[in-house]
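For reference, chains read A, B and C in written order, and residue numbers begin at 1 within each chain.
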């Protein structure tokens, strides 16, 4: 991390010129390594944040379902975490966890919790009472009922939560560039600092593409695991 | 445009590193000076207010109309989905060179447009859902006594949907305020500058002070909108208690983040195909 | 010990008080359900009929008393094991929306660890049994109509061939036409499978139609009368029962007996070869203005008595066809409907094209006075 964060620290010239076009295609071949590195870091940060978030949310949702009185405190806390401004959250952790991946991951994870907890709870609430009653009445037993009946029915909601959490996190990772762990966001910030538009365009363009791709991927995944929702009686 | 003009708003808030967080925040000079906290606050508030106002104008009437006509359900769902997928910082970054080429400078246009793109989809969505879920009985009754379609929308659907619409506006507005600080990293200032400068100068206290300011403004925005919500809530609705669906959106799902699952999910007969989801950055 | 004499289900002093409640939802309920019979629990809401049903498979644990299934106290068996051995059908069906119809039907066999081939075989067997096309097995519940879903619900409950079936308002969620059809199907099914069925319903007609015995419950799970449908209608045990079965209990009894249960009566009918005199004689004997013509076992139509004596043969006179007709399997209530709307005030019994006699209002009234159910038995 460099000392100066201000824009234009090493200005080439801010105007869009032939020397500094919005996108110079040769940059892809010259800087393949750093672009791939940024992309990989972006994916790593996104997936680990959502992965950790899912584990924590799963546990929180389980607690909320088991003990009804915890629903309020859990949604309240996760809602509070969700509204912490990202710049403030990343910044405020630096003194404690330094410029490390941890500093980036903690806020990213916290931002996923509300989305995931809400959707997991919605998913399990969507299981019709009659279906649970029938499962009990047939002697499926609690764990079998939860795993083979309730979870599959809740799955579209959970996957949709993952979808929202993931694309949101892709966007937030770019902001983590301000503490040096931004994946593609570093290309954006770097480009802004040097007023060098090619890396900015590549970083921004790829992060948008990544978000849209992951969005589509989860859409397909959601359809793939819920074949029963596609065919309806007409 | 010379480099100097571009760099002008970048004057850093140089603060001695041993200044304590509260020492900084409670120093009147810091507030009224130039650059000063009050000035930055005003910068941020004005930008956010403009974004919120424009977003309401763009999103609410259109969504209300389309929901009343039951039109563009699928298109709305997709627009909202894609809107959610676009990273605000990336969009703003992309717009910077475009803005420079057009001679509009580093800011505020890129951040303004990016924030508006962030805000319109959730406002559109909450309005759409709110109007659509108004009791069909009330709408039928209104038509039965001879209301025109316009009257049905403005005198029945909108008042009944107002609570939910305002919740959507509040949530989206808090998001705008919480996201605006990235402006400081896009060549602008505003309240985000203290975090930026603190990071740049490795001044932890300045970072924390900046973070506190941002968080307070975001929290304050939420409170302000909650107060407005209370004021505009129609008396009848207040007395009746919250409508069922609205209640769900407000309590179990305070930010309207619940997903729609896949369209037509099991047991989701009452669910809207439009994704109930707020955006972030 | 003669196991056949033992009731399949025996409830003794079964009691349930829900936590936080002042009164018992069910207080000291005794009930024997004979093997292979259909017993309905019916009564006003709050009478504890569903609670009682759910105590049998321990979805609700009784506060006191004893429930025996084939002589075994159900509380001695682990709940999941017990439930796998008892079929359970509910109003909202509760099919698993994420599983195909076939997989839904195979739920309990799978839980019991049956081999795949055996489950597949059983699934097809059951779909035939409940009248579900086999192509449906690969579909999802949402693709089926309400009636089809309910058939699947019954098939699923029967999957592991449990001796006892509990049904909680099984046909409450379908429209009346489908409900009637499903009721007939259940009766047909019962002919073949001979299960012990406990059925909760709030529909008296359904209980009358389906049950061998009806337990009419009052608030607090008090059995006011436990009797056959006909007895319940003919001889209500007390005012509560009388009020519950209503003023139209005679009409309801008409749904219990069929045309075939009535004594055979040929009616004012002559062969097409007969002469005017014979026709007039038989009309007089029946005090009828009409005379029916038959040829062998075929009913040809009615002739207006005023047309007689015109010199034409019976065969040449104008006939009124189609005549009002009923089949021996139709209920007396249906026959009544036919008679009331027919011009001749009489319905011809048509058994697959063969003339079997006639039904009149007078016959039905006479039938009601007697013990129809015993004639039916």
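Rule of thumb we're sticking to: a residue touches a chain if its C-beta (ideal position, glycine included) is under 8 Å from a C-beta of that chain, and two chains touch if they have at least 3 such contacts.
None of these values were measured; they are calculated from a predicted model.
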item: Chain nearest the overall Cα centroid; value: A
item: A-C or A-B, whichever has more C-beta pairs in contact; value: A-B
item: Between subunit C and subunit B, distance of the C-alpha-averaged centres to the nearest whole Å; value: 62
item: Separation of subunit A from subunit C, taking each centre as the mean of its C-alpha atoms, in whole Å; value: 58
item: For subunit A paired with subunit B, centre-to-centre distance based on mean C-alpha positions, whole Å; value: 19
item: For subunit B, residues that touch 2 or more chains besides their own; value: 266-267
item: Subunit C: positions in contact with at least two other chains; value: 97-98, 142
item: For subunit A, residues that touch 2 or more chains besides their own; value: 128, 131, 153, 226, 228-229, 232
item: Of all residues in subunit A, those that touch subunit B in their complex; value: 1, 3-8, 11, 13-16, 22, 71, 75, 79, 82-89, 91-92, 94-95, 111, 114-115, 118-119, 121-123, 126-128, 131, 153, 156-157, 159-161, 163-164, 167-168, 170-172, 174-175, 177-179, 184-185, 188-189, 191-192, 195, 197, 200-201, 203-205, 207-208, 211-212, 214-215, 219, 222-223, 226, 228-230, 232
item: Subunit B residues within the subunit A interface of the complex; value: 1, 3, 6-7, 10, 12, 81-82, 84-91, 93-94, 96-98, 100-101, 106, 174, 177-179, 181-182, 184-187, 192, 195-202, 204, 207-208, 210-212, 214-215, 218-219, 222, 252-255, 257-268, 275, 277, 279-281
item: Residue ranges of subunit A touching subunit C (in the complex, touch as defined); value: 128-141, 144, 149, 152-153, 155, 226-229, 231-233
item: Subunit C to subunit A touching residues, read off their complex; value: 57, 59, 79-85, 88, 90-99, 107-108, 111, 139-145, 153, 156-157, 166
